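Both complexes below contain chain A, partnered by chain B and then by chain C.
For the complex of A and B:
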């Protein structure tokens, strides 16, 4: 079903099966035919763990999106609401329940909170007079959702804002719970490393939770050797830069949601006449070609695609050589695979063309030049012409903010005069109400005045070798290929932790925000691992506050290094890019 | 009848005052026991007050007394209630199974643990301030935001504001949760009180200002913005807030005036270029563009004149020129464009000058599909030769390219350019004439 989840070093299908089981159990509690009313946001993540067929097997006959007013007609015994614990959704649910036709057949209502039941929400339902209408009110702790063989995400869009702006640790609590679930399935992780305030909190919560569960010893042989918890605010820089891997660029330009991308249909062969809808493609390692190219620098994708094209057309040419019945039979047996490969190749050639249109544009080049100047430490302390132009031409505000924040981060804050200038230009051009957004960015540390008049970035850059001048995009030798020169700080920290250890970079760790720490979770002797010579360690790296596809690519690059010594499984609160990140920090009306 | 404030606090924080909890309406025995105890404790405490006096109002202004009435029932959900307890509606009961292991003697830490597991338990039993704070500390140490919020709702309801704020000030994690929670439920009043208490003045100001986003009516929004002026923003932001107010005030005047002009149908510009949208709530630069588009020639005295906007909002030259250029170019008012860059020196000579650089002027003109003759004029004014050549090539200003190549004595480039002009065109002829001219000493 989801074979690609078991390709990796850790079989994440085990987790998927566990969450599927829990879902089935809940559905069976509500005996009889059912309709599910979905909080639209959840359908994406749920799609990764269960198809409609699973629901159907458990008597789910209809599905609706959660909307105001009356529920659509459905001749079912149970109506189940699948929702995130959000107040505004409770209001809609109440409307649905209250407008239920009393004369019709009696239907049972249930509510499933994902990932967590909320006392606040139940209170709201009660205030609206409908709480008692629900027979089952339960939670479905879908904390970590398997996205790929080496990738897990909580898909919690508000996590960064909650943790770093509001100081609300709820999503950290979920992260810790997710980690406990993982340990229940894959064994206790003997060593925990971390950097950052939130990392510290999560480690504390895990240790506490473990203490509370002492009743049952975990007797599973540990799969993970280490856990590395990283705060996003330790590395604010990386997501701001434009990702230059294939997958990263698809995400930057079209957005990848729950492993699907919606692409403009023009460059794809239409399925049927008048098919003007966006082309929706699923992108994961189940597709062989995609697994091969997604983490490459975009400049290296073209040559792979053209080589593949040659191989495939040669394979099709083979039919002329097939003379005997046996040969023809063999050719035919390969056809489905070849056709799938051809379809996949056609799709990615089209996507690559779409991306190329963007990356070869003058503006993309100018933007990249400025980003790279900032990251390599050039002219970060004065007003930048390109940014000024972008504002004057009213480029999208998010683009402008990304650049200004990047400059600020690469300069350890902007000079007051420069900051005031940008602020003024932004407010006058995009509207004064963005004062609120600017304030949020400042609070999150993304856009701030330089304090103490000292720029620490050069020290960090040099010590961690964040800028590499000689980058090889085709056959990379260093993680810096993912940004064509810039090595993501977060991944560099992971790399240095595995070899030679963080002791070598104490000074930089002190400059970066938050504590760094190490904890051990003792294992009973029977479960202690004796590593075979040459056997790689497995590190689970958890990005608290989000991770980008380029960082994931860099970690996969490290996993594949022959003498790397460490393979990574990546977990995060949210898969994100600079734009979705900034957008989540913008203030909107209530 | 009136208690002193000290009494009131004691009333709410005293551990002597035992409340009762009915978590299961069917359990008559416990109901009886509880109600008896409650009545007794009431008797001890409120000796000469009559029953009605229990329906009192706490210092935060919320009625708090009704729940102490014998005969009104409590469930967990009531425990969270933000409003005076209502009569217990039978259908609000929880599935029975959840009550089985219910006990009344849980410690704060047991209670928090149960809450965390989503099980039923009442917080009402925790009467003393000390118990309540212990409950809060337990919740915070679990890090479970859901439970922290539940406890905070309970504290918010049962403690007077001053005590709640005072205690949270020394409990930062809980404080942040409360702020987040107040934002979420939109309890702006308490939020502002809290910021005021904490002396977090900038947040107070921003939080108040934020409310304007929810006001649709322009007049009301303007009035609201007026109340923001003078709030303790940072010095920079103060000026922006003032500008925000002034801008909306202007926009309201301009909008009324222009809507009238447009519907009267007497003004040419509005007839030719009907307005696509209202100018209300648009950013400053957009407003300036609008005013350069519809009100360019107006005297400085009117609110809608560009010069007036420029002065009022101290719009920098660069910004002003860019916006005016875009507006006038859109109207194809080349004469205005020309005037924008013409300066006279004291001898009366005219000179072309562009604070934004002529390459930008050219780009903007091109975007507004200016004819080649106009473009050419400005391409020629670009100082840097390479930029000039690039722009001229990009926008097909053949004469500029040809002349520049000639001036550079760059035969190769001219030769290469020959292939880009139409066969048999005047440009081709011009190139050929140059190439065969013996007077030019080509560098290549």
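For the complex of A and C:
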């Protein structure tokens, strides 16, 4: 059991258990000792589902990373390839199988496709003459992986690029499949809302898949009331801005991968002498303190930490008051919990210090100022001095691109002259090869010339109240606290959908790309919910193309509002931030 | 005893009590029920079974209803033994009804109870299906409440498979008849039926039947087998399953000639983009042809740019690829990209020349880095020339030179440069960069030249808190005053701090 998955309104452990069961069943099909050969990309996500101990229980004795040539020696009966269905991986597998030593002991080969079996890949294996070598060829439908009590991700890195640039909807198909699995476990979701081209397609696929399952009537009482499908390209702005929540900043500065962050070790108490390795910490709501501070604006984290420090040291002081044997015993029984709390506090104090070093730097301040000017609509139509200086000083290209794209999005595209100037500066400074990257950004709508000479952003900003001048970072009253002023557009759309409904913002919805729609999935009368007065609805919100931690924080804020009326469970193709997003769109020809 | 009881003899009661006293009543009842099973005459079966019930008036009808099949087994429960479980009784009634039905002379399967039990219901159903006794088989399934997938659906599917073999009925009628009977019955696979139809040579019927198949994964492979690839393609696209689309595409590619294949793609944008992705990784040349066919010059341009890095190694080859790219960009009316590509060609040639003449590594450096490298190597003239040729904006050139000279720690040259004309980036960057190289002495030179707006910042950078305070006071700028104050540390700056506080107090008075 993973306790942190069952805190929320929807117990995501049910999903985790279901996928674990499926994994065990597969492993048991291949009787005897096993070695797993991993498509390296899968190891991170798998870690959230099953630790090595589970694999070991099912006789997995060795693990290798998939690479060319001959497989490493292993005295096992079964070799199982865990791979994504990709042609280039099939070629490597074939190479492995073909170079198997014929004189050695005979080993059985199996292949487990994640998340889906692929005819294309099997054809490739057949062409390479190895298809017959595999006894079991199965699929493991690991589409949505539970990250936290209210968070699911497909961790599909390329999803945005594939969907919006390359017209490849594979990840949408997986998303629809994942939603079908969720519905099989948590009941049919009676209402589906959506905005965007991809959202429309996922909804269509779901409806179609439901028809394929006719007859097997789902008799589970629905846990989710609504599903909201949102295209990332409906809100290109939000991920570009620097996230200012605690978790968001950790991700911006150090990166969070599969819920782990690697941090520089200096500020942490060394475990042993000469321990110069990066400190790897798992970050999720299983840690009480982290659950409390992760979604706060970073400026509000310090006071919580110092309060916590006082509470903990007071708790340790209690030992002086413990006089009787009974009191001492009670104190001792609390010790493990207190020590864990103290360790957690020490870690987060260190992280907060690391982040503070960055956020108090002059450059961070300058960058934030420019971002905030753009988002509030100031000087978005001319070449920005700060960006120019960043280029001239050759700041990291991703930083520059994020800023230029932000300006472009906040101006509904740049004037041709301004755009060309930036592009020229970037090409001359960072290299002409980036012309491919610039073109990708243009195709994605992130960096483009203004068409029709109209800037729609002010209308959107005003109608959706995207910029709030009076932000309370300590005790927020609005979602805009996550960016210290800017309210994420995507989350605003979700908020307005729940109350008063999208009808009130028809005009803006028409400006934003893609259709908006509503579908109903009728339920048999026995399963229709009678809501208790005051009971919140549960909305599953699916970000197609990625979501940032700041957006998640904003949604959690809405869930916690007393009169909010809606609690959110968040699903996405990828947890990301502006930098990882832009990076995925970059093309490096050499 | 049975007979006595049935004749409502008084003796029956006596015997009954005797058996009861012996504690064998349960066994007796069980035996009666089993005996009924081995009896072929329905009347006799009834009689024996009736013993299993309480002999009260009005119970007999219940039994006959059970045997005729319409009664609810649940209503049974009035066993005259208090806790005799009704299951065996109910099962026997059901089994007998099934057996009686198949023993009917119209059907003519005279099975004994033991044979039936040995055979199992599944096999019996199969036999009925083989004899095309579909309605009876379905009735039995319904009566026994078998799960649809094992029962009714399976038989309907068999029926449908038989139906498709009726050559005298038109495709249209068969398809409609099948759909009417089957509807959306769960567990029925239209593709299996279609496969049967195809097996009998009725391709058109098979296609019609496949229309009713909701699972594209089943639909598509059969369509491919029947050589209806284009239909398969649109079905695959409808499903959203990209793997299925790929499968059809590769099939089509082998089946059609190249021209037809491309034309088919052209009408299916989703398939086209998927195929492009495939080509990008597997068949680069085909990708080029695809773009050519669509006159997609922008993508062609990008294609050749990529090629200039990936496939060409010699400078001439690279430049040629870039030239092709630039031409494509012109055709795409993307003047900017065309010009940029030409600039890149120019730069490549130049870098090659620099490598020949000066040695060192220049190829594939950005323009900015090329100029920097030249300055670092002391080739200032060449650097100037390059900057002019490529029209590097003044501001960026100043940053560039500043950074390069500071890296070289060529302070003399830096100073000369700073005086060459008025700096377009101001002098604060000079102060900053000197401090970065820990040269306070040089930094101070520039601090004095920093404009009034950034003066305080510059002075603080070089550590001249006192003068910074003076300037801030002179500016009467609150933000600057606070900034200076925050830099006042320890006793040394005590006097300065006081001075600022006094100035503040004075400002407030006014």
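Assume the second predicted complex is superposed on the first by the 587 of 590 C-alpha atoms of A that agree within 3 Å, B and C clash if a C-alpha of one lies under 4 Å from a C-alpha of the other, contacts with A are read in each partner's own complex, and residues count from 1 in each chain.
Keep in mind that, in the parts below, a residue touches a chain if its C-beta (ideal position, glycine included) is under 8 Å from a C-beta of that chain, and two chains touch if they have at least 3 such contacts.
If you're wondering where the values come from, they're calculated on a predicted model, not measured in any experiment.
K.L.:
Does chain B (first) or chain C (second) touch A:511, or do both, or does neither?
P.N.:
It touches nothing on chain B or chain C.
K.L.:
Could you look at A:126 and tell me whether it touches chain B, chain C, both or neither (first, second, both, neither)?
P.N.:
After superposing on A, A:126 lies in contact with chain B but is clear of chain C.
K.L.:
Who does A:135 touch here: chain B (first), chain C (second), both, or neither?
P.N.:
first
K.L.:
Check the residue A:211 against both partner chains and state whether it touches chain B (first), chain C (second), both, or neither.
P.N.:
Touch status of A:211: second partner only.
K.L.:
When the two structures are overlaid on chain A, which partner does A:166 contact: first (chain B), second (chain C), both, or neither?
P.N.:
A:166: touches chain B and chain C.
K.L.:
In the superposed arrangement, does A:278 touch chain B (first), chain C (second), both or neither?
P.N.:
Touch partners of A:278: none, neither chain B nor chain C.
K.L.:
Which residues form the common part of the chain A surface touched by chain B and by chain C?
P.N.:
85, 87, 116-120, 123, 162, 166-170, 172-173, 176, 201, 204-205, 208, 389, 392, 394, 420, 423-425, 427-433, 435-436, 439, 587, 589-590
K.L.:
Along chain A, where are the residues that touch chain B in the complex?
P.N.:
Within the complex, chain A contacts chain B at residues 85, 87, 116-120, 122-123, 126-127, 129, 131-133, 135-136, 139, 162, 166-170, 172-173, 176, 201, 204-205, 208, 389, 392, 394, 420, 423-425, 427-433, 435-436, 439, 587-590.
K.L.:
Can you name the residues of chain A that touch chain C in the complex?
P.N.:
Its residues touching chain C are 85, 87-88, 116-120, 123, 162, 166-170, 172-173, 176, 201, 204-205, 208, 211-212, 214-216, 388-389, 391-394, 420, 423-425, 427-433, 435-436, 439, 587, 589-590.
K.L.:
Using the touch definition up top, name the residues of chain C that touch chain A in the complex.
P.N.:
148, 184-187, 214-215, 238-244, 246-247, 250, 269-270, 272-274, 276-277, 281-282, 298, 302, 305-306, 308-310, 336-337, 340-341, 343-344, 347, 364-368, 390, 392-393, 395-396, 398-400, 403, 425
K.L.:
Over in the complex, which chain B residues touch chain A? Could you list them?
P.N.:
77, 80-83, 89-93, 95, 115, 118, 141-147, 149-150, 153, 172-173, 176-177, 179-181, 183-186, 206, 209-210, 212-214, 236-237, 240-241, 243-244, 247, 281-285, 313, 315, 318-319, 322, 356, 360
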